[in-house]
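Below are two complexes that have subunit A in common, paired first with subunit B and then with subunit C.
Entry: the complex of A and B
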């Protein structure tokens, strides 16, 4: 029952995210847009390129979907409303997100096309930039909660949310989460106008529908993770807990889209330089400061 | 009913999806969105969604007449689109080899709106058809040829092994007609065409073991690799064997006069007279001479690499060193790995040994990737073939297949064209700058005939030229911002560019506020300057013109010294850096400047034909087009143009692309090319 409820919440979240994304991209709010888009994609021809790595080509969208759902499976919507409350939840989120890279490399390799392949490998470079900035801020979050259990992490923010307690960690995680979900301005693997869709270029019809759904779920998953780790999860007055989680998650996703639409796509070299020369020292500083706070303010 | 309907009977679900598809029309526009904007079309404003790739598009919008070369590329593009797909022709003439248009309309925004409405109806009611026919065109027909992965010059019609290195040749697609370059197949976007488009039936073969042929997909019984489709010979009559018998002979000779013994790279004791596979390990046998020649060399290279500290083989990459170290300390199977290029094992040392090296020293597989002539994100009609070394551009070949238009105009003079017709043709040459080229023809003809232009007319024509510059810069801005991912600004810019067409001074004054808001918004975009700094740097020299030269600090501007512009208070805009950031800054400044000039001119008019009567003489003129100064020299005899020489700014830019993008990251290279605002239409070959 819990599982069904969480999956329904994830799908509803993906729907809302798709509406938000179309709004950010076209400037028009069409509440029915994703329904039309899905119905249209399902009725169009799907296509297998002539020399595919068939396994990679077919499996990549599904793997991306699975990675997003797995990560979301350990993130709570409300007390008790979580698919699995793992003892190593925060670590598991990381592990699940690692498969995003695998899925994108497979989607790039599978069709045997130059644009897709360049897009896939670009994401590998991107991972080298963002991956530490996912792990290190989560480390500081777990330090404060003294636990990797995601529900305990939410409880640890009963007084002060982590966005206030460790704002530096929040900023770094937020940016890294955008890069992980390859949202603009970190959309190097798809790069419209540059790679003719990149990893998406050879997907069409129902396969593209799965890929787009997976991507929307991934955005929900990273926004939900940001909510749980930094925005106090389900905490909030008046509304039921699940509503707070949902609202905060959508707000995070909307903030990501709004920011993405106003920034030019990063250059791979710049992104790596910023991540390693600036991001990682700041993440270390964040861990140090949180450590001091944990010791000083019991 | 549409030509590109999907095969199948109607059902409830299909009715539903057909209606949804009618609502979600993703369009790809040829020759390009910048041409559509120059013709006054705002596609987003008409409800057409942009498609990043032809795979995701459902409508092919043809804006204006397409030259023959682009029609072929458009047919390839159309074949890449998924069914149901439709063609919308706006003011287009011949479309073949494209199928007939599903919706035809004239070139105007109201007509476009109406056409979109009609197309929605056609798709909602005709997306599926029981007897839907496939699409076929000569440009799509292809055959399979075999090429050596290491020696691209070795191309055969039959599977076999390379006479140089003995590697098994791998299948590759080529076009099934004598004259065309093989690249033409994938030229428009580099994507493969749909699988089920008819023509030859497919057989499946192993990329490593060509002797394995199956009727169905599956994996190779020898090496387990996935079988790839091999197109069976076309029934269409071509017999590739017969055609290339001569090359087949060469191949025999190249092998060294019948001394053809085959051996296993792993088991040298296995020697056979014929190609085949090794009875011990199943690997493909390689010609003995090649194997014998290769092994020591590969070993030497690897040894040298293991002494990488010596630096003699500096270009060899560290992975080579690691690899050979592993081979030596490991199972002592050095020889196995070093000749592994012939087998399913791919040793980096052996595979990359003969590859050209880029300055960064990393040996990688180089691939040629075509961008254009209809690539979303590059000017329509510009064809760029980039040799990619990883994601670094190792080399570039730029061509403008539509350049013929400029040459034809220049030639036309030789046949004694009436002056008015000459001016009309020059104006129609470049859809991105018709006003400037009409003005150029007029000035040159007036100069030849010794006619003094009336000052009021000259002022109105200057105003019209500035309006065109405004529209052109805005359309460029839209393309450029779109490819940087700044879609909000890009969309606004498209709308403004399209509404400049035919606008009078009052209308432009009304749009001026919106234009200024856009320009300010772009200038204030965070990180944009950092993003663009240092990309596509071009040093100023005498040949660069227009915004590209002005962005490199040279005030090369045909308007300097023109009394009409002097009266309007014109001063050229320059920036020192010569990179993409400076080009953006110069064009933003010029957008504001053109707004001022249009207001100062007051009237905008470039109608009327140059009246030179039956005069004779020679004349020359220079006009600052949106892309820089274009120069035209004409000889006129009794009112007819007998010779013309045209020099345009994009011709120089096209030559510079190769050096501009060398060793750039792919994204930076495309940004650099886009920052030039090259018009392939005006290139003089």
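Entry: the complex of A and C
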């Protein structure tokens, strides 16, 4: 029952995220847009390129979908409203997000097309930049909560939310989450207007529908993770807990879209340099500061 | 729920998600099939076949970062258990990990000074 409710919430979130993304991109709010797009994609032809690595080509969209669903499965919407309250939840989120890279590399390699390949390899470079900025801020969150259980992490923010307790970690995680979900300005693997769609270039029809759905679910998963780790999860007055989680998740996604639409695309080399020369020293500083805070303020 | 049951549920979710994707494929196949015509299956390269093979070796120009990434990624394997018991262990844990992280950070600075942190 819980599983069905959470999956329905995830799908509703993916729908809302698709509407928000189209709104941020075109400036027009079309609530029916995702439905029409899905119907059009399912009705369209879906060709396999002439010399594909068939296994990689077919597995990539499905793997991206599985990764997004598994990451969201350990994140709570309300007390008790979580599919699996895993003892190693925060670590499992990282593990599931790691498969986003695998899926995109497979999508890049599979079709034997130049644009897709460039997109896939670019994302590998991007991973080397953002990945540490995902795991290090989560470490600081776990230090405060003394646990990797996601529900305990939300409970640890009863007094002060982590966005106030460790704002540096929040900023780093937020940026890295955008890079993980390849949202603009970090949309190097797809790069609309430059790479002919990149890893999406050879996908059409039903396969592209699954790829787009997986991408929307991935955005929901990273926004939900930001909410759970930094924005107090389900905590808030008046409204029921699940409504707070949903509102905060959508607000995080909207902030990502609004921010991304106003920034120029970052080159892979520049992104790597910023992440390693500024991001990782700041992430280590964040761990140190939170370490002192945790000992000083119980 | 036991740990085994939790992981079984996660496995079920993975299989179920894949099954949902396959069901979507089945629906699309029921709506209509592809019409095979020459030229439709050419990868997108400005309307003609790619002049060079795509599956070749590429120069990973970020390999300096990648090597440092390996060191930091291993370090994170130690950080998670440490973070859970951190408050319980107190200042000793901070100093222990501080020394460890300081060495790694010096490694990062050394790599930076030797030009590892740039696209080769």
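Here is the rule we go by: the second predicted complex is superposed on the first by the 298 of 298 C-alpha atoms of A that agree within 3 Å, B and C clash if a C-alpha of one lies under 4 Å from a C-alpha of the other, contacts with A are read in each partner's own complex, and residues count from 1 in each chain.
Methods note: contacts are C-beta pairs under 8 Å (C-beta built on N, C-alpha and C of every residue); 3 or more make two chains touch, one makes a residue touch a chain.
This is a predicted model, so every value here is computed, not measured.
In the superposed model, A:83 makes contact with subunit C only, not with subunit B. Of the two partner chains placed by superposition, only subunit B is touched by A:192; subunit C is not.
Touch criterion met: A:268 reaches subunit B and subunit C at once. Using the contact criterion defined above for the overlaid structures, shared-chain residue A:200 touches subunit B, although it does not reach subunit C. When the two complexes are overlaid on their common chain A, residue A:40 makes contact with subunit B while staying clear of subunit C.
When the two structures are aligned on the shared chain, A:49 is found in touch with subunit B and with subunit C. By the touch criterion defined above, A:18 lies against neither subunit B nor subunit C after alignment on the C-alpha atoms of chain A.
In the superposed pair of complexes, A:114 makes contact with subunit B and with subunit C alike. Subunit A residues 42-43, 45-50, 113-115, 121, 196-197, 201-202, 205, 268-269 lie at the interface with subunit B in one structure and with subunit C in the other. Taken together, the subunit C residues at the contact with subunit A in this complex read 1, 3, 6, 9-10, 13-14, 17-18, 20-22, 24-25, 27-29, 31-32, 34-35, 40-45, 50, 54-55, 58, 60-62, 65-66, 68-69, 72-73, 76, 79-80, 83-88, 90-91, 94, 97-98, 101, 105, 108, 112, 117-119. Contacts from subunit A toward subunit C in the complex involve residues 3, 42-43, 45-50, 61-62, 65-66, 69-70, 73, 83-87, 90-91, 109, 111-117, 121, 124-125, 128-129, 131-132, 135-136, 139-140, 142-143, 146-148, 196-197, 201-202, 205-207, 209-210, 268-269, 272-273, 276-277, 280-281, 284, 287-288, 291-292, 294-295. On the side of subunit B, the complex with subunit A involves touching residues 6, 13-14, 16-21, 23-24, 44, 49-50, 52-56, 58, 82-84, 127, 173, 189-192, 194-195, 217, 226, 228-229, 367, 369, 375-377, 388, 390-391, 479, 482-488, 491, 525-528, 530-532, 665-668, 670. Every residue of subunit A that touches subunit B in the complex is listed here, in rising order: 24-27, 35-40, 42-55, 113-115, 118, 121-122, 184-185, 187-188, 190-197, 200-205, 208, 260-270.
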